[in-house]
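After this come two complexes, each holding chain A, first together with chain B and then together with chain C.
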Partner chain A sequence: MVKVMVYPPTSMILSDLVERTGHEALVVSKEVRKKVNTAGLDSPPLNMTPEDPKKGLKYAAVDVPSGVRGRMSLLGPMIEEAEAAIVVLNDRCTLGCTGCARTNELTRFLLRTKRIPLLELEYPGDELAARRFVSRIREFLEGLS
Partner chain B sequence: MKATKYVVTSQESDVLPSDIALKIYELGRDINVKETCFGVIIDGEEEDIRATVEELRKMDESNIFIKDRGFPPGDPRRCRGHRGGGARPGFYMMQHESEILPLISRALEADLRGEEAPLPIEAKKRPGLEELEEMINEEFS
Partner chain C sequence: MIRIAQLSCGPEYSGVQQELEKAAEMVGAELVFPEVSLDDVRNVEERFGIEVASGDLNLAMARATRIVENTDLADAVFVATCFRCAEGAIVRSELRKYIHENSRIPVLSYSFTERTKAETLLTRMEALVTTAKFKGLLSRERQTGLTAGIDSGSTTTKAVVMRDNKVIGTGWGPTTEVLKSAEQAYNAALESAGVERNEIEALGTTGYGRHLVGKEFGAKLIQEEITVNSKGAVFLADAQRGNATVIDIGGMDNKAISVQDGVPGTFTMGGICAGASGRFLELTAKRLGVEITELGKLALKGDHRNVPMNSYCIVFGTQSLVNSLSTGSRPEDVAMAACHSVAEQVFEQQLQEVEVKEPVIMVGGTSLIEGLPRAMEGLLGLKVTVPEYAQYIGCVGASLLVSGLVED
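Entry: the complex of A and B
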């Protein structure tokens, strides 16, 4: 079983396809869950502990907006843990919590420079593209084990 | 540790959220179920959830999609009922992906049948100046 990070990190389709093939999908909701189970946090992930910006500082400098560092405190450990990654590029769905363009750029950059098996593709727009999308992901995941 | 998952059905699925909820009740595990318009939210111990997810997938393998959720169902920090309505954080992602779920479902079905994915259609290349000259010569000579 390989730990596969998916991008967008909240993607249902990607995490489902990863878990269908028996691998573990690294998604942001699992990181949020760890915070939810931590006593003393009022409204995670909006509330941070003093430890969180320190984790974020590892990936982004102190003059980078705090939102980037806060997000990287969740995404950074996932990137470090990842043994492979699937990245969808035309992500017009990254709104709200995942809507920070700078964090998304940094996440994709860190995944590319980590030298792990990486699959980059686009969300399908028609049936034939969807078949290629599923097939490429299956082949990529089968090649990991 | 507790785990929460979304079980989402594709628009083309014959399985209703109520069918999924009944199936979970039949399994008799200690799992909290919340029916929604797009599927169900299940919450329970991680091992129970993992075993249940495998059973649920068998109901309609290519039309049921499962996703992790950070907060338990009905959590006042996320539940719309407690926050005065409006879309909950994370709704837009699910809305976007729900639109292409039928495409993915049909692709998964084709994949299960062992059909090979079609190659991408190459964009038609414009003829170069020499090719165009040859074509004109062939046509009018």
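Entry: the complex of A and C
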């Protein structure tokens, strides 16, 4: 079993594909859920506190907007943990939402430079492309040991 | 309950969403998020005119188009994006303009960091709610009866007494102990007006100490400075109808307010850097060995271009002034450089966030430092008006507005 980070990090479709092949999907919804369930934090769905952007300083400098650093406080540890990654480019918000483009850029960069097995593919535009999309992901996942 | 539509990107991940909600709650409002469809977000470019890379910003723009189509969705709009995000700053500015031009809904725009607290937003939110809630009161153009206003500011406390639409008494002094300073200023105003305190039909308070002073003196109106100052400014500058821009450079914060028919439309309030405040001019006057009341006249004889000012910071800016004096710069050039530096910061950091429309009215004690409005005129390329009683603007606005409550 390999820990596979999926991007967009909220994509349930991608995480489902990963888990069907016996791997563990690293997705932001799991990280958020951890925070929501932490005692003392009580305003779901996102219980970020002003301390979180400070934790994000590990991944982005202080002059990077707080929203990026706050996101990186969730995504950064996932990137560190990831043993492989699937990144969908030009994704639509129906696949999974990422609100901040700067976070997307930084995350993709950190995944590329981590030198782990990485599959980058375009969001499919029609049914045929969608079939190829799923097939390439399955092939990538099955190739991970 | 006033509904403030939140158009934003990043507050949840910055950990400040709770602070925004708390600030709204403290002023009796709730934050709402107008519903949009995924197609609204996908087609935002067709409807709004721009699509950007960040999804949350596209969502904010899609919400703005819904609000403009159906203005019943919100009473006011709060636009907020992360500080230092270029994409966010562009969209924030365009959202503010879009709402302003296509509806009569008041807009507040703000860039936050993880350090933003509810208390920081309180005055801004209070002004937003007042503008949305009391349009009738704010559209009042005449003061009636015998009323008074006290402005308990961070640096000075001012008071006026008004009768039948005219200022008949004024008083002011430095703010030391809030209540004691208010007592002295109020007594001075009553004395110069020749009236007794018990004759005053109603009192309004504003400024940082408004709640404390208002409670102690039994004020009928306790109101933040943004709505009150804009009212006072357009009243004194005789610009109650149509557009106007009010600039108030205070001792601790600055306000830039775009006003329509006497009611604030969009506004910003800055208070991060002392280098852009009246404090810097006080320090300059002290360093030059002149009274603050003489600094402006001195500045009018100078040219800011003769003094290199490499920093907007109050500490390093003062250092630049000291250095220039030690290398032979003329005091009048230094005085004008200080005025230009303050005006330039307000121009760059705040006036870009509001629609600057004539007449431009400068108010507050700093507007009497002649070099400052002159520097602002140079930067804006527009004439700047400093009305009579400009330093009493908050008291005049409070006195005018509270007279409406007496009648009611």
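The definition used in the following text is that the second predicted complex is superposed on the first by the 131 of 145 C-alpha atoms of A that agree within 3 Å, B and C clash if a C-alpha of one lies under 4 Å from a C-alpha of the other, contacts with A are read in each partner's own complex, and residues count from 1 in each chain.
By our rule, a contact is a pair of C-beta atoms (placed from the backbone, for glycine too) under 8 Å apart; a residue touches a chain by one contact, two chains touch by 3 or more.
The structure presented is a predicted model; accordingly, all values stated were derived computationally and were not measured.
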item: Partner chain(s) touched by A:Glu19 [first = chain B, second = chain C, both, neither]; value: first
item: First (chain B), second (chain C), both or neither touched by A:Tyr123; value: first
item: Partner chain(s) touched by A:Gly143 [first = chain B, second = chain C, both, neither]; value: neither
item: Touching partner for A:Pro53 - first (chain B), second (chain C), both, neither; value: second
item: Partner with the higher number of touched chain A residues, chain C or chain B; value: B
item: Partner chain(s) touched by A:Arg132 [first = chain B, second = chain C, both, neither]; value: first
item: Which of chain B and chain C A:Cys97 touches, first, second, both or neither; value: both
item: Touching partner for A:Arg71 - first (chain B), second (chain C), both, neither; value: second
item: First, second, both or neither for A:Asp63, with chain B first and chain C second; value: second
item: Doubly contacted chain A residues - partners chain C and chain B; value: 43, 92-94, 97-98
item: Contact footprint of chain C on chain A as seen in their complex; value: 43, 46, 48-54, 63-71, 92-94, 97-102, 104
item: Touching residues (chain side chain B, partner chain A) in the complex; value: 1-4, 6, 8, 57, 65-72, 75, 77, 89-90, 92-94, 96-97, 100-101, 103-104, 106-108, 110-111, 115-118, 120
item: Chain B-touching residues of chain A, taken from the complex the two chains share; value: 8, 10-13, 15-16, 19-20, 25, 27-33, 35-37, 43-45, 92-98, 123-124, 126-136, 138
item: Complex contact set, residues of chain C against chain A; value: 9-18, 38, 41-42, 52-57, 59, 81-85, 87-88, 112-115
